[in-house]
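Below is one structure, written out as structure tokens; comments come after it.
All chains are identified by letter, namely A, B and C, in their written order; residue positions are counted from 1 within each chain.
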Amino acid sequence: MSDETAVEETPIEDVAEVDEAREALVATMTEKLSDGIVETFVKPGDDVWIRVSRDAWVETANVLKSEMGFGFFNFLSAIDWKPSPFGRDMDSQVDLAMNPTDETTDVGDAPLETGYAGGDTRFQLFARVNDVTTARAVTIKCDLPDDDLTAPTWIPVYPGANWHEREAAEMFGIEFTGHPNLRKLYLPGEFEGYPMRKDFALLARRIKPWPGIVDVEQMPGEDEDGDASEEGSGA
Amino acid sequence: MILASWLDTVFDSFWGPTVFRSIGGLAAVLLPAGAIVYLYLFKMMSFMQSRLGPTEAGPYGSLQLVAEVGKWLQKEDIFPRKADRIVFAAAPFVVLMSSFLLVLVVPFGPDAWFVNLDTGIYFALAVSSVSVIGILMAGWASASKYSMLGGLRAAAQLIAYELPLVLAVIGVVIQAGTLNMQDIVLAQAEGEIFGWGGIGNPFILTQLLGFFIFMVAMQAELTQPPFDMPVAESEIVTGYMTEYSGIRFLLFFIGEFATAGIFAMIASVLFLGGWWVPGLDPDSNWFNVLGPLVMFAKVIVVTFLIFWFRITYPRFREDQLQKLAWKILIPLSLANIVATGILKVAF
Amino acid sequence: MTSISETEQLRYISQQAADARVNVEIETEGMTLNLGPQHPATHGTLRIIAKLDGEQVVAAEPVMGYMHRGYEKLAEVRTYPQVTTLINRIDWTGSFANETPFILAAEKLMEIEAPPRAQYIRTILHEMSRVANVMLGIGDMGVQVGATTPVFYAFRDREYVLNQIEAVTGGRFHPNFDRIGGLKDDLPAGWIQNTKNAMGKVEEFCDQIEDLMYGNEIFQARTRGIGIIPKDVGLAYGLSGVNIRASGVDWDVRRDALPRGLVYDQVDWKVWTHPDGDCYSRMWVRLQEVREGAKIVTQLLSQIPSGPIMAKVPRIIKVPAGEAFVETENPLGVMGYYVISKGDLNPYRVKIRSASFNNVSITPWLLKGVFVPDIISILGSLYFILGDIDR
């Protein structure tokens, strides 16, 4: 990485601030679902996120598939927005559970920071469907209240959601009502806990401290404080 | 002189000929089987699949088979817990027995034969079905679903292909006018093709369709690909052999290739003139020595065809195999019989 | 299930049954056959519990998880560069292609772009892993239907491709070569010509295998009309890649939604489709994929621009907060990574959308009413890698 690199590096050109096709998609969806849509987010030139209410979850799929032409089921999964109480499990030096620091004693109480299209609850379903004829795609999100982790199943609309819902069920503990066979998909039948939740400890990291980022080697021909990044050196 | 008189006494007793014939029988079954396995399964298959095959054991890997046999003999002889132990143990012997029974009626020279039955070919086709019993025994007694599927598939297949096999032979029998395998060889040696007797009448020339049907049906009888559904490794693991290991697996293995060799002998007796070669007098005593060698050469040629097909083709599905037998091979062989009969009467 | 797929399925089952059932009056007791997890046909540890009536499948239920390694969880405790080590092992026959979408997603979040030379080499390696992967799939299909020879030819000629991948990345199976902002190394000397020769071998292989396998009557009898996937059913199950193109859906991410950072738009190639949707058409489209792959690589090789192979990236990579989903056309189908970042060293959540998981999820529907040998044909033609299912 010499200095020529910086010269030849092409900056990403500015995409149009308004993405008409995606805005139109959002507009159509808003028209068809009206109350069901909680929030939308369009990243111009990139993607669309639509957050719907749980009651409109299946209706959204129906509208997308039969009226909007999104026939291709891409994936369905869930997100746990609650920060892990164990820290990043990354570098033993700053591991929060091993060495609690004064600033963040209890991450669990920190306010939820959710991603695009927002979110109010800890668990969020998200799914993605594509329209293969026009190569459009949309990501659908749906908040699940903490005390009632259930959602209606997508199987009648997209049969491919079957295994994805089973995976989300065993990994996050979300129950899909109407699912014909909500057994565990990957985990053994007697497995307890929901591994993909942020408060599920990753045992391997608990038992053996991980060397983490302090071991990052220097690039060849680079001196100690060379052109290494400023932001990374603090860790 | 002393040697000759000693030989006379030995051959006049009961044990002399018996021991001699036992050794001959073992040689007739095992030598072609070993040769086939080494030449075709180890070497030719490897060369056709752009690899080398065994190279370490002996010159060009020729002792590999000995090493394999040694390995199998050392392996533990495992019985599944729910297996029917007696039937399970006996099954490989039944399969191998059918190969030994088959070789009985094959003539190797004017006087070099084990049994000279008047209904030789009839006997051969009958005892070839004994192996079905062994395979069914193995499939059922293993107490495994793969084994049972394999056994049932084998039974269905072998019975379906007995019929074209028999019908293909009938053409030869009509032409030769006898069921005796020795006389079939002589009929080819002394026969004439529409009045021309320059090279006798190897029935492959006049019974080409019969030879084709016989080869296809034989491939199926031997459960070699493309007819290897009973042992289809990608579907039912290895079918009826799934639960076998050690010496019992070895017996199945020998049985498979010994039967291939003996069926090739029968094919060469029926269609290629057996121990006889054109241009030589079939009554010559030299044929008692030369005959087995001629026979061996013809076996190698016929088994080459079997293994060539084996290496080239994918596997049929069970119902497609039955369709091939009942809808194509049997009508063809019936037509062949009719044509042969008409021509036989006409000429 | 939708009403359409029900009708389609009933029609399919009745066709199969009418063709096969010798005697409908005989009611036989069903049998449950357990294929796997250590079955020769499942190349990996997929287990299929099939309820049989005779040799006809009444119901089939795949069971998986024997190889589940929890990459989505593990990725949350690793830095972005470390994650590529994990995801190399998802589809282990086309490893480099696994890295591409993740790296592209990280680059998208960081709003950087690899230099043109790196983009070209990345595309070449992506396509070479497709060639290597699909060649194996074609040879493996031969074994599935009982022909032993094609697999040896496939392994023999795949070696030329793997050698070239090894020459540039140092790894035959797990290159771990893609970096955020570029590549680890430049090409070695003489590599371009050698790779062109290797692609020549691949094209020879395609012609040879077309004669040996695709033209074979028995192969056609075993695959034609077996395992038909209608277009809309396949889409609703999320089938992608060759499996959906063989059902007549003309959709290829490489052409229709090419993510920034790959240069498929710079070369001349064709997306092959087949109207039938049966096993044979899947294998046929797969063969054309290999041909197109060799074509793409050969064209790209003569167009590689000179320049650096690494953009200016910080030594310790922190990815700005945001969400990105990048999908690419991988050997087995569409593979995507949904990366959620909170501006940290490690991703907050990575959802791995692997192709085989969706491709195999259609099997309970597809296997109804077929015969035991057809299970094998269908699984072989869907062509999955267990690591890609279990992640």
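Assume contacts are C-beta pairs under 8 Å (C-beta built on N, C-alpha and C of every residue); 3 or more make two chains touch, one makes a residue touch a chain.
Since the model is a prediction, treat every value here as computed from it, not as a measurement.
Enquirer: More C-beta contacts across A-C or across B-C?
Expert: A-C
Enquirer: Central chain, going by Cα centroids?
Expert: Answer by centroid distance: C.
Enquirer: When the centre of a chain is set as the mean of its C-alpha atoms, what distance in Å lies between chain A and chain B?
Expert: Chain A and chain B have C-alpha centres separated by 65 Å.
Enquirer: Hey, how far is the Cα centre of chain A from the one of chain C, in Å?
Expert: Roughly 24 Å, centre to centre.
Enquirer: Between chain B and chain C, what is the gap in Å from one C-alpha centre to the other?
Expert: 44
Enquirer: Can you list the residues of chain B that touch 2 or more other chains?
Expert: none
Enquirer: Among the residues of chain C, which are close enough to touch at least two other chains?
Expert: none
Enquirer: Any idea which chain C residues touch chain B in the complex?
Expert: Chain C reaches chain B through residues 19-20, 31, 33-34, 39-41, 55, 142-149, 152-153, 156, 212-213, 216, 218-219, 221-222, 371-376.
Enquirer: Can you list the residues on chain A that touch chain C in the complex?
Expert: So the residues of chain A in touch with chain C come to 1-2, 4-6, 8-10, 12, 46-47, 49, 65, 71-75, 77, 79-80, 84, 88-90, 113, 115-116, 126, 128, 132-133, 135, 137, 139, 155-160, 162-163, 171, 184-188, 195-196, 200, 202, 205, 210, 213, 216, 219, 222, 227-233, 235.
Enquirer: Within their complex, state which residues of chain C touch chain A.
Expert: Against chain A, chain C makes touches at 1-2, 5, 64-65, 68, 70, 72-74, 76-79, 108, 111-113, 115, 232-233, 235-240, 244, 249, 251, 256-257, 260, 307-308, 310-312, 314-318, 321-325, 327, 334, 336, 338, 340, 342, 344-346, 349, 351, 353, 357-358, 361-362, 365, 390.
Enquirer: For chain B, which residues count as touching chain C in their complex?
Expert: My answer: residues 45, 48-51, 145-146, 149, 225-226, 228-229, 232-237, 311-320.
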